[in-house]
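Chain lettering (A, B, C and D) follows the sequence in which the chains are written, and residue indices restart at 1 in each chain.
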Amino acid sequence: MNRKMRMGMVGGGQGAFIGAIHRIAAAIDGEIELVCGAFSSDPARSKASGEELMLPANRVYGSFEEMILKEKELPEGERMDFISIVTPNHVHFPPAKMALENGFHVVCDKPLAFNMQEALELRDLVNKTGLLFALTHNYTGYPMVKQARAMVRNGELGKIRKVIVEYPQGWLATPVDNKQAAWRTDPNRSGAAGCMGDIGTHAENLAEYITGLKIVELCADLTIFVEGRQLDDDGNVLLHFDNGAKGILHASQICVGDENNLNIRIYGEKGGLEWRQEEPNTLIVKHLGKPKEVYRAGVGNLYDATKAHIRVPPPGHPEGYLEAFASIYRNFARTLRSRLKGETPNPLYMDFPTVEDGVRGMAFIETVVEANKSPQKWYPFKKY
Amino acid sequence: MNRKMRMGMVGGGQGAFIGAIHRIAAAIDGEIELVCGAFSSDPARSKASGEELMLPANRVYGSFEEMILKEKELPEGERMDFISIVTPNHVHFPPAKMALENGFHVVCDKPLAFNMQEALELRDLVNKTGLLFALTHNYTGYPMVKQARAMVRNGELGKIRKVIVEYPQGWLATPVDNKQAAWRTDPNRSGAAGCMGDIGTHAENLAEYITGLKIVELCADLTIFVEGRQLDDDGNVLLHFDNGAKGILHASQICVGDENNLNIRIYGEKGGLEWRQEEPNTLIVKHLGKPKEVYRAGVGNLYDATKAHIRVPPPGHPEGYLEAFASIYRNFARTLRSRLKGETPNPLYMDFPTVEDGVRGMAFIETVVEANKSPQKWYPFKKY
Amino acid sequence: MNRKMRMGMVGGGQGAFIGAIHRIAAAIDGEIELVCGAFSSDPARSKASGEELMLPANRVYGSFEEMILKEKELPEGERMDFISIVTPNHVHFPPAKMALENGFHVVCDKPLAFNMQEALELRDLVNKTGLLFALTHNYTGYPMVKQARAMVRNGELGKIRKVIVEYPQGWLATPVDNKQAAWRTDPNRSGAAGCMGDIGTHAENLAEYITGLKIVELCADLTIFVEGRQLDDDGNVLLHFDNGAKGILHASQICVGDENNLNIRIYGEKGGLEWRQEEPNTLIVKHLGKPKEVYRAGVGNLYDATKAHIRVPPPGHPEGYLEAFASIYRNFARTLRSRLKGETPNPLYMDFPTVEDGVRGMAFIETVVEANKSPQKWYPFKKY
Amino acid sequence: MNRKMRMGMVGGGQGAFIGAIHRIAAAIDGEIELVCGAFSSDPARSKASGEELMLPANRVYGSFEEMILKEKELPEGERMDFISIVTPNHVHFPPAKMALENGFHVVCDKPLAFNMQEALELRDLVNKTGLLFALTHNYTGYPMVKQARAMVRNGELGKIRKVIVEYPQGWLATPVDNKQAAWRTDPNRSGAAGCMGDIGTHAENLAEYITGLKIVELCADLTIFVEGRQLDDDGNVLLHFDNGAKGILHASQICVGDENNLNIRIYGEKGGLEWRQEEPNTLIVKHLGKPKEVYRAGVGNLYDATKAHIRVPPPGHPEGYLEAFASIYRNFARTLRSRLKGETPNPLYMDFPTVEDGVRGMAFIETVVEANKSPQKWYPFKKY
């Protein structure tokens, strides 16, 4: 018989923003149950958070180490199946590593790790243990992103020539002093890049996910606009893809008034696509010499991969960020359940970012940071 | 200590669309647990549905009667707290009535009942028992609807003069032969009105919810466009409100190419508002002789009632239909929890449609149907 | 050989808004020459206006009577061919009548006249003299309105079921004290209706122009919102068309923050259309169960009637209000030139509103004003 | 007394697109009169074109040389005041030079010349003769571009940090064989660049015009996507401005489905702006932590420079490309008229692109072409 997958959470205590998002994303489809957590490195705060979440006290732990060890001792029908890591970047690696070493599957927020060394070690561990590892590059969970991908992969646009991907935000246009900003702008917690790591990686991931192309070299111009900040808060990048396509990647946190305006435009020999995260249920499809078409989630003949990621069949009932995030969790849970039952997972649900995407994202961070410092125009994308 | 509210569901078995929506809406915030259900009038189908939902077999019932009686016998710490009714219109009344009579709180899909007699009986029962009753007029759950309401109530627009509310859909533009269409176009299951009952009531509810005004008389022109259909699939209605404001209500299911385009425009002496369900995180605010402002969920100084219904603080991460629906459930659950704990509920969460809104919706249906047949221009809104 | 058509203007002196618009509209295509004018009922002001317009002093007249008589005496190769009347409503009739009686063709601003009696007398004169008469219902000059019309007429939408036409403005939301507002809100200069005459007629004309349908009865709810005003500043109207289609016409001058938001939605059995004057180069085309298409001026296979009204072939170079207005003048001028040359006019250019449309507009005004006072729901559209 | 400025046209005969645009632009405001032309290098075609334009036969010339010489001999009250050059790029210089040398003012389409040498010679001639020279970088004529410029110059955005300017078109996505495409893709007629010269210069001009900043170095990635084409049809460029601002310039003619989507986003320390040529009457204004504002032509307190370029005072009546183009002509004509009358020109109308902007545009073309070939990241903007 089917059962819900059991999740333990690392991080995401009171005051953390992204933890709540992960919990909602995991809960939406009724296929995952939060059974335990180490919500804070401060045991008292972890306890209080667990109480708020209505967890039994004995499943709320003072540290992820304690959680992993104690859960491992619980009977199979009770202990968590996987951990969800929602801590700042520099605390991704330790719990991920320990979980894998102790036989737990992992869902981890992005970027994969604090630096490349950690990322490669995690990749090795995943490959060695064979455990499932999902990275929450959540924006690829949107139905119309699936549609865009299917259309490109199916050749509807012809050979891809140009990709413009942007992720402008405005929230760091001035010095910001809150929990979110603090770690994101701190090289000791965020890593080698600021804006490029936090949101540039989403842009890179989205472009490669949809097109199936790989960036092979790039030219980067990163800037720190806000005085005193230590990491880039803006970056403009030119791209060369492996099929000869050209591109622009633009990510910024100083674009005053912009919210989370991740968007992508793709042009091929025969057609074009345009998608914006802020109105995610719409996909503009462009043709040579014909009117544009407004594809909408739920309308017309969509690909199976698209339909598999729509929860509200009647069109015009918008789904959003949480549902896209939830699709990563649901796909992970369904693939995990199939595996636990010894069944072949449905390929429609094997669609979630993996440790490999995580390594790719880390390589992107390394490459743009080095490219930015280089006087040469084209800098090769680092291979690992 | 806090605990999740326990929900039993009536209806929503395999193949039903709206049951899944209610389950997601109840699950999102992690404050409600689906513990049992009578998912179909066909016991085998109910059983299969429960299994799919990973419920224990002994909590899946063959009928709502069985569910209510059996659950009542369970110990207090185990039995359901409330039932959620997601059946077609003609099966709202029987489970609602029985639940109330047996001490269970109720969440019920709209419209409240099949006819006015049932509606009034439910209102009496709610008043007599003092149990909580929520009606899922879900569109009022959107954050920017809360913002619109707070702005109007706070006088930001001045005295309201004009309200234009529309709900055009296109899915019934041709004869449609599926489960959704079947009961909605059948007078024996849907009630006295088709389009006006199914979506016209949402429009009426939204207009009155935001403005705080009441329609006092109206002029209706209902039409059956698709041959052989027995209930209206289109309606144009002129409105007079109790403060002298004028209005137009337009609902249709034959507007080819329209999805779920519920939208409202409100004009006062000092300002105007515009909101569209299909892009729900945006509220256009209009001023005398000044540029329009684009209010967005999460941006700037929003009212507390707005912020209390946003789950994703960073702006630009769209929330949608499911979240708005979920807010009805969450508010109901929080108000119920407070009551069970003997605490005063937080007024921010006492904000969900009640049996009184349900009676109002039924009166709207009755009024438009009678007004449509009347040769006189203005027909008084029926009072109950 | 071809020559420019020679225009004399009545009204449109300094400070008048619409006169300048007519002059630009007439000038754009280089087919009309302003040769004389009686720009104001105040001769000194007329003179000063003519000087500003760089007209020779002897062609600037103190009154339209003087202009018509003096121009008549000029040699054929010099005298004006037609007059353009751009005065307030109550001064349309006298110059139009005198011009027709003296053999001059006429372009006249809308509405046709101050009352129905004048309108009918003008129609008789036009029919008797056989002179050309154009009414500047300028909004029908837009290319995408031509496209909409051609699509409907060609059956692309199937039988028309529903028409929603709106013209909300906000500029009279408060008492306004300027030249424009003064005459428009004065029954002695504007006529029996305010908002309905000024802009409601544009909405009526647009709906009938595109669909080819005629309104046969209507139900009107007109309001004066601003205290002290004598004519309606808002109106909601339900419509019945001659083919059984239903409709809503909404026009208002108190919709705070709205500019000149004339827009129309048309739904047939097979498809739908949506057009907004404020973004006039776009036409949304809706299909059953397929993505919407965004038709744009200059893109794809457009009808000849559409292409004949586009001046800027490359798409994406927006044309606007002045060009649409100019198309009325150009079509009038080309038809007139053909006639003067004894040639058969090109049907593509015989497309401009006539005295017949003007009578229809006057009948609309009469009908809505009477319908508004009537207690019966449906009021027949008056026939003349 | 005032009189119309008299224009002679070079190029723009039958079948040419841009000549008709210039004629409309010159005609709109009634301040310029087309009095003569050499419409084609083929005298018969020139003659036929002049006849169509209803010019007297003796003012239609077989070549620009003939026109300049013959017009020079006409009496002062009759001969043309200036020439308008609307030929392909390689035929800008000869008539411009000859006109200046013979005392005629000049309006010239962009880019200024075929190569830098010609451009510098024209600049010298303009400086030496003191004659007026306008370059039709028409996009700076839009009212909301004026508003954007005034806002930036007035410090409303704070110090500018980032500029993103794009000009994607799709019309050359495949091999195109028409008159327009032929010369634009031919190095012998177009110059050193294709896309970058044709539309990249518009983008460069727009960015510098609004911000008042100068590009000091850039990094260019130009591509020829369509096989067999000899000039770039796509380009991505990173920009560094003289105040430290960063930027992206993206121009392309292979963006399938894009029309003339020139657009610009500007971000400063305090605010942001967003403008799109395809909906030119709207300017989005972004603030730190407050709702966006939608500035519209005609609404609210706009700068004088904005209002001076609006012809249709009531908001919501769209003006477009032709009006923006016309503003270049009108401003040129008014400045010229003031000068001819010996008056000080109104600074509001001295606002049109000059030969200096033309040299700048030529330098841009040279710089991107050289930068594209360079392996170094940053290439200095060439100074002349």
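By our rule, a residue touches a chain if its C-beta (ideal position, glycine included) is under 8 Å from a C-beta of that chain, and two chains touch if they have at least 3 such contacts.
Chain labels with UniProt names: A, B, C, D = Predicted dehydrogenase.
Given the structure is predicted, the values throughout are model-derived calculations rather than measurements.
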Co-neighbours of subunit A (Predicted dehydrogenase) and subunit B (Predicted dehydrogenase) resolve to C, D
Chain pair showing more contacts of the two, B-D and A-D: A-D
What is the distance in Å between the mean C-alpha positions of subunit B (Predicted dehydrogenase) and subunit D (Predicted dehydrogenase)? 55
Find the geometric centre of each of subunit A (Predicted dehydrogenase) and subunit D (Predicted dehydrogenase) from their Cα atoms only, then give the gap between the two centres in Å, rounded to an integer. 44
Indicate the residues of subunit A (Predicted dehydrogenase) shared as contacts by at least two other chains. 258, 292, 296, 299
Subunit C (Predicted dehydrogenase) partner, complex, touching residues on subunit D (Predicted dehydrogenase) are 1-4, 17, 20-21, 23-24, 27-31, 34, 51-54, 169, 171, 258-261, 277-281, 296, 298-299, 311-323
In the complex, go through subunit D (Predicted dehydrogenase) and note every residue touching subunit A (Predicted dehydrogenase). 157, 161-162, 164, 170, 173-174, 219, 221, 223, 225, 234, 236, 238, 246-248, 250, 252, 254-258, 265, 267-272, 286-288, 292, 374-378
Per the touch rule, the subunit D (Predicted dehydrogenase) residues reaching subunit B (Predicted dehydrogenase) in their complex are 285, 289-296, 299-300
